[in-house]
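In what follows, chain A forms one complex with chain B and a second complex with chain C.
Presenting the complex of A and B:
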């Protein structure tokens, strides 16, 4: 075995600027997937306040929805979910071997659609927060 | 160039002038004239040299080459050396490093052989991507051109990396034709249908350069992952109809083992860098489906 040394970031994600579509799709998909898992727990926690009665639940929801931060996080959650679903469909096609030559284009399409849907959702989510 | 011997000046102009120059002795006049002529000639040569240099400068390309040599103390700390290589039409990255080695620094080390994308020995990390030096046109790259050894492999020296691990993965899939039965006459041809040949055509083009393996960050994280090239090799033979069911089953078992085909996360990095344009991800995905089909039973 030759002598070796650590070439540092070249070995890992230090080259992110040079990543291509498929790599970004992978990173975003992992990220959004785990954000969704995280949200699932939050979601359960919030819903379970209903165990302490209807009023408690209503109070919790009203308080949370009154916070601007929560409204912004909801927009983020929507973006994350939409991207995960669209790119998930892209990955299903990839698994079926359909349109592999245009996998980069379908990634860009996912990103653009996600952006559009997110922007369109902003009025709904922010309404009444101020 | 400084090594050029000084040109001998003809003495004719001096001889002409000495006729009407009574006051100064003829010999001295001659000497003075010769000096002046020498001076002119020197200026002329210098101007020519400058012009040449300017022309060359205008047409050089800047390459930054990764340098490392564990055996030389001053080179144990990796660094980048910059070379200005005169550009010629059609010049490849390999041509540039060969020029740098031959003209500037004979210690610059890299593998190459065929110079025509056949032997697979000169895969480098060029401007942030795995590419074959001999198949990459200098004119298509942004300057300065960074030339580094393949990532995720140990560097032996300069651009030379240790390929042993890559070759081990390649060997692990039995990268040779191995039919269940051979025809009676051992040496008889074993013909393949045209359709079947078409199916494996792209996969046969692999030149074992290791570019794909180096680009794959799953292979980087999982030392036992077979990697795109080996899986493509496995595809080439698993899809070959002449091998027979037994061997095909064996191959599928190798393919679907823990560090086989399921490690692939369809990042398409390998497909993007393969210099032979092999649709690696497509082949891996097809093998995944074959593996599923093999194991699915609906009764």
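Presenting the complex of A and C:
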């Protein structure tokens, strides 16, 4: 049987203990979306140093990428992006009427796959930071 | 009775554009991550490498389209999320105006940066 959740008039996050898989998917998608749009503005701001010349841009990026904290944040960004992509695919399919009955299972699959891809990417993302 | 808040506008097309841009971004965002972290690596970034990629017109146009679609999808997503949380009236108009101005600044700055890499004089 498909799950249902009464969202009420305005979303009440105080009822998080009652949330089902679909509700968690909705919250994670919002959270990752906020992070990605925030990063988009930050990303363009950092890349804009290219307008100040080649040396300024290269020095800025090399300095940032030399910080272990930045590398760790990049792994976090990857996790956020991968989840948003996988859950986004799930949403596009559900919108088309595909997999609606198993939307909870596809959410769990998105979470597990996000974890696997993120863990497998750690060595590549950290390379050269030490 | 409390009003039911929804970002969905009957007869509107923004919901459709949100999904069209999503389908595009799923592919291009994955490509962007793969190219810049797995083909090239974070500790190898230089202006010259970025410039070489951006001087290819196919890459330049893909990145500009990526910027435009990501900005629309992200900002429209934020706006929808706020409406779904009950944003209405004057506050809604102020937020809408602020998001539009922020989007225009982001697009202009992003395209100027791409032009700087591509060696296009207008930046």
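By definition in this document, the second predicted complex is superposed on the first by the 119 of 130 C-alpha atoms of A that agree within 3 Å, B and C clash if a C-alpha of one lies under 4 Å from a C-alpha of the other, contacts with A are read in each partner's own complex, and residues count from 1 in each chain.
Quick note on the criterion: a residue touches a chain if its C-beta (ideal position, glycine included) is under 8 Å from a C-beta of that chain, and two chains touch if they have at least 3 such contacts.
Worth saying up front: this structure is predicted, and the values here are computed from it rather than measured.
J.: Would you sort A:109 into first (chain B), second (chain C), both or neither based on which partner it touches?
T.: neither
J.: Is A:72 in contact with chain B, with chain C, with both, or with neither (first, second, both, neither)?
T.: So A:72 meets neither chain B nor chain C here.
J.: According to the contact criterion defined above, which of chain B and chain C contacts more residues of chain A?
T.: On the superposition, C touches more of the residues of chain A.
J.: According to the stated criteria, A:35 is in contact with first (chain B), second (chain C), both, or neither; which is it?
T.: Neither: A:35 stays clear of chain B and chain C.
J.: Which holds for A:128: it touches chain B only (first), chain C only (second), both, or neither?
T.: Only chain C is touched by A:128; chain B is not.
J.: Have a look at where A:100 lands relative to chain B and chain C in the superposition and call it first, second, both or neither.
T.: In the superposition, A:100 contacts chain B only.
J.: With both complexes superposed on chain A, which partner does A:17 reach: first (chain B), second (chain C), both or neither?
T.: In the superposition, A:17 touches chain B alone.
J.: Of the residues on chain A, which ones does chain B touch that chain C also touches?
T.: Looking at chain A, the two contact sets intersect at 10-11, 91, 95.
J.: Which bits of chain C are touching chain A when the two form their complex?
T.: 2-5, 19, 22-23, 25-26, 29-30, 33, 37-38, 41-48, 50-51, 67, 70-71, 74-75, 77-78, 81, 84-86, 102, 106, 109-110, 112-113, 116-117, 123
J.: Give every residue of chain A touching chain B within the complex, in rising order.
T.: 1-5, 7, 10-13, 15, 17-18, 20-23, 25-26, 91, 94-97, 100, 103-104
J.: Where on chain B is chain A touching in the complex?
T.: Contacts found on chain B: 68, 70, 78, 125, 128-129, 148, 151-152, 154-156, 162, 164, 217, 220, 265-269, 271-272, 279, 281-282, 285-286, 288-289.
J.: Under the definition above, what is the set of chain A residues touching chain C in their complex?
T.: Listed in rising order, the residues are 9-11, 30, 33-34, 36-37, 40-41, 44-45, 47-48, 50-51, 53-55, 57-58, 61-62, 65-66, 71, 74, 78, 81, 85, 88-89, 91-92, 95, 121, 124-125, 127-129.
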